[in-house]
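Labels A, B, C and D are assigned to the chains in the order they are written; within every chain, residues are numbered from 1.
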Amino acid sequence: MNKVVKVDSLKSLFKDGMTIMIGGFLGCGTPEKLVDLLIDMNIKELTIIGNDTSFVDKGIGRLIANNQVKKVIASHIGTNSETGRLMNEGKMEVELSPQGTLIERIRAGGFGLGGVLTETGIGTLVEENKQKINVNKKEYLLELPLKADIGLIKGSVVDKFGNVYYKGTTKNFNPMIAMASDKVIVEAESVVNTGDIKQESVMTPGVLIDYIVKGDE
Amino acid sequence: MIDSKKAKEIIAKRVAKELSDGQLVNLGIGLPTKVVNYIPDDINITFQSENGMVGMGKLVRDEGVDEDITNAGGQFVSILNEGAFFDSSMSFGLIRGGHVDVTVLGALQVDEKGNLANWIIPGKLVPGMGGAMDLVVGAKKVVVAMIHTAKGKPKILKECKLPFTAKGVVDLIVTEYGVMEVTKEGLVLKEINKDITVEEIQEVTDAKLMISKNLKYMD
Amino acid sequence: MIDSKKAKEIIAKRVAKELSDGQLVNLGIGLPTKVVNYIPDDINITFQSENGMVGMGKLVRDEGVDEDITNAGGQFVSILNEGAFFDSSMSFGLIRGGHVDVTVLGALQVDEKGNLANWIIPGKLVPGMGGAMDLVVGAKKVVVAMIHTAKGKPKILKECKLPFTAKGVVDLIVTEYGVMEVTKEGLVLKEINKDITVEEIQEVTDAKLMISKNLKYMD
Amino acid sequence: MNKVVKVDSLKSLFKDGMTIMIGGFLGCGTPEKLVDLLIDMNIKELTIIGNDTSFVDKGIGRLIANNQVKKVIASHIGTNSETGRLMNEGKMEVELSPQGTLIERIRAGGFGLGGVLTETGIGTLVEENKQKINVNKKEYLLELPLKADIGLIKGSVVDKFGNVYYKGTTKNFNPMIAMASDKVIVEAESVVNTGDIKQESVMTPGVLIDYIVKGDE
């Protein structure tokens, strides 16, 4: 079971119209080499799920600027002018989800929950088309799970079994994306031998990882 | 008229007084960030950044930069010894679960019922809500810190015209002109900038201000 | 009549064949644990323990014991190099989220619709469901591994009489007498112990067994 | 802000009738010194929330055997004969929750969610008195949050700020209990200086911890 592969060998996994989750927060913790791959392949009509659309020249933002995205589900798009432009021109659909709700939806997808109830968004536009549920006389929104065909994550240190360790704030959406995606590819800043990451320090278990790509290759 | 830079200083300095020892605090991007500069040395505040840490330190430049440590605005920061990193679900668990004592954030509009609007100007600007909706619903105390008006037009209204970030969540509004508390009866002016009169502040405020019996000067 | 020890060996050995390279597997307490002993060397299985680890190794005794590493039965175990520890929410995220390929567990009763009962005998024994309800709902494949009868009485029924652990979740039943698959039409006997006849296995089974066209001997 | 205290100084926090969550899985990861304190004080009519009722002479099991518990919410009680006896005699109420559901309920309490939807328990006794919700033609149970007045957790290594690191499988319910309890007391196997636990290795942030007790004192 050798999970460490060349990035080019992954091409057969991708096709137009897929739903792909990509880790990162304004590009911090985003697997740029894997974004490069999607741009090289120029696959289209993607549904992209991530915290934000980053910047025009960074992370998820590059896919949007390159017109590869049909729909994006994110919490923030203000740092990428192309997202707003494509949305206003009707060329791309944008679904905005509050950040805490978005990560819970991804978690629900990965953790097998049918949904979660949150007060966030009550009395706002976020309510639209959503079921409201009363619990102990308090009103909540039912927020539904999100899943993806492929999850692209970035790991600071990854062992050959796929166990991932994230440094600093690169963790953000990555661990939940690894749970919510049918196939998971991790871009590793460094690859170490299995056992080099202490079992307590593993942040995403290798059992969730299908492929490892070296970020510096 | 107070210039923008001075106004922001006044606001940040005043907001700092709302924080007390041992609290966990989230400061929004922009003006609220400046609050850090006015916290007394003998008070220990832990700052949370919604992208995944508590114990956030200062902004870092040049050789001090660790590209793996950023704040929610994407700037490079440091983390203190007592800090911790975590994923976004834990971060918003702290926020939504009521573990954050105070959140300080800006507003496009805020009204006398404590409604807040700060994430969208339909047809014009759609940055998205980011973590703001969760923060104002979850934090124990919500402080709006903002310049009193936008190009001379009131931002403190009887009712927000822009789409809400959340309903009835704001506890306190701090501007360069004064400090207003949201109560069931409406907005109570508790402190006022000594360079302005009660009439003058009412003039640039759409909502009717009730004047506290103990009205003080801002400091 | 096969003695209990021998019966358990037959079952564990047969269940082991249901596992394939690269799978994540949860083995219930008791009989299912013995499956570990029959996995071929060239097949790599990762074992999950619902109290908080993947990559669980063997039982550990005496000086090898680390009191901080236990399995879901409270026994001391080891963890492999590729393993990871986590909290219970992550553990059940793996389980409920469909990341566990196979769960093997015992039953008090199981029926031809794939209903399972293994957590309560009302008025007599109420151990609680522990993680069993989540495991059978979440795992991709549910294998019941058990002695065919209880004191001579059938446990494989037309319909479970005891309260369900879950409805319609069982995929395969492995006993010392045979291997039965749960299909929409009912139970299909796919393999039979060569020391027993089809009539004999039906005699100790309440549910009607359909006989596979390719009926084989258990091995 | 000195959180490290003598166990006796905590007595004023406890009173009869409280709801207390206690970490541990069959006693592994349970703060036994804090259980000792509850037994010494002999406070009564407690509602105890934990994974299981352990054994008669261990962890939560000791509180039950000592008749201090009015109600227990757990996933498994089979290893403690006293739990079954007191339940059958009508002297103690037992609420059984599937393990994965129980930890999600505690998490929901601590994470400010109004509830979660799960398939677990559908078609079983667990359904009783619960709202069923349909999402995309599939039926789920709405499971409600749990909170506690006090959470008692066990940490392997704890720094003076309260940051907690758990070894091995001692983690189990502890991190979520720290989120779901108004006051949190950690029993530390060892106490280290603030900064000695790497920020990435902190498993429960010190901001959640009110008091630290040394386990070996």
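Everything below uses one rule, namely that contacts are C-beta pairs under 8 Å (C-beta built on N, C-alpha and C of every residue); 3 or more make two chains touch, one makes a residue touch a chain.
Only a predicted model underlies this, so the values are computations on that prediction, with no experimental measurement involved.
As a whole-number value, the distance joining the C-alpha centres of chain A and chain C reads 35 Å. Distance from the chain B centre to the chain C centre is 55 Å, each centre being the mean of its Cα atoms.
Centroids built from CA atoms put chain D at 32 Å from chain A. Of all residues in chain A, those that touch two or more other chains are 104, 107, 112-113, 118-119, 166-168, 199-200. For chain B, the set of residues touching two or more other chains reads 53, 79, 85-86, 89, 92, 95-96, 137-138. Chain-to-chain contact here is organised irregularly, matching neither a line nor a ring nor a star, and falling short of all pairs touching. Looking at which chains touch one another, you get A-B, A-C, A-D, B-D, C-D.
Only residues 25-29, 51-52, 74-79, 84, 87, 94, 96, 98-101, 103-104, 107, 118-126, 156, 166-176, 203 of chain A touch chain B when the two sit together in their complex.
Taken together, the chain D residues at the contact with chain A in this complex read 104, 108, 112-119, 131, 133, 135, 138, 140, 142, 144, 165-168, 199-201. If you check the complex, the residues on chain D that touch chain B are 1, 107, 109-113, 159, 161, 163, 179-180, 194-195, 199-200, 202, 205-208. Across the complex, chain D is touched by residues 49-53, 66-70, 72-74, 79, 85-89, 91-92, 95-96, 120, 125-134, 137-138, 163-168 of chain C. Taken together, the chain B residues at the contact with chain D in this complex read 21-22, 24, 44, 46, 48, 53-55, 79, 81-86, 89, 92-99, 137-138.
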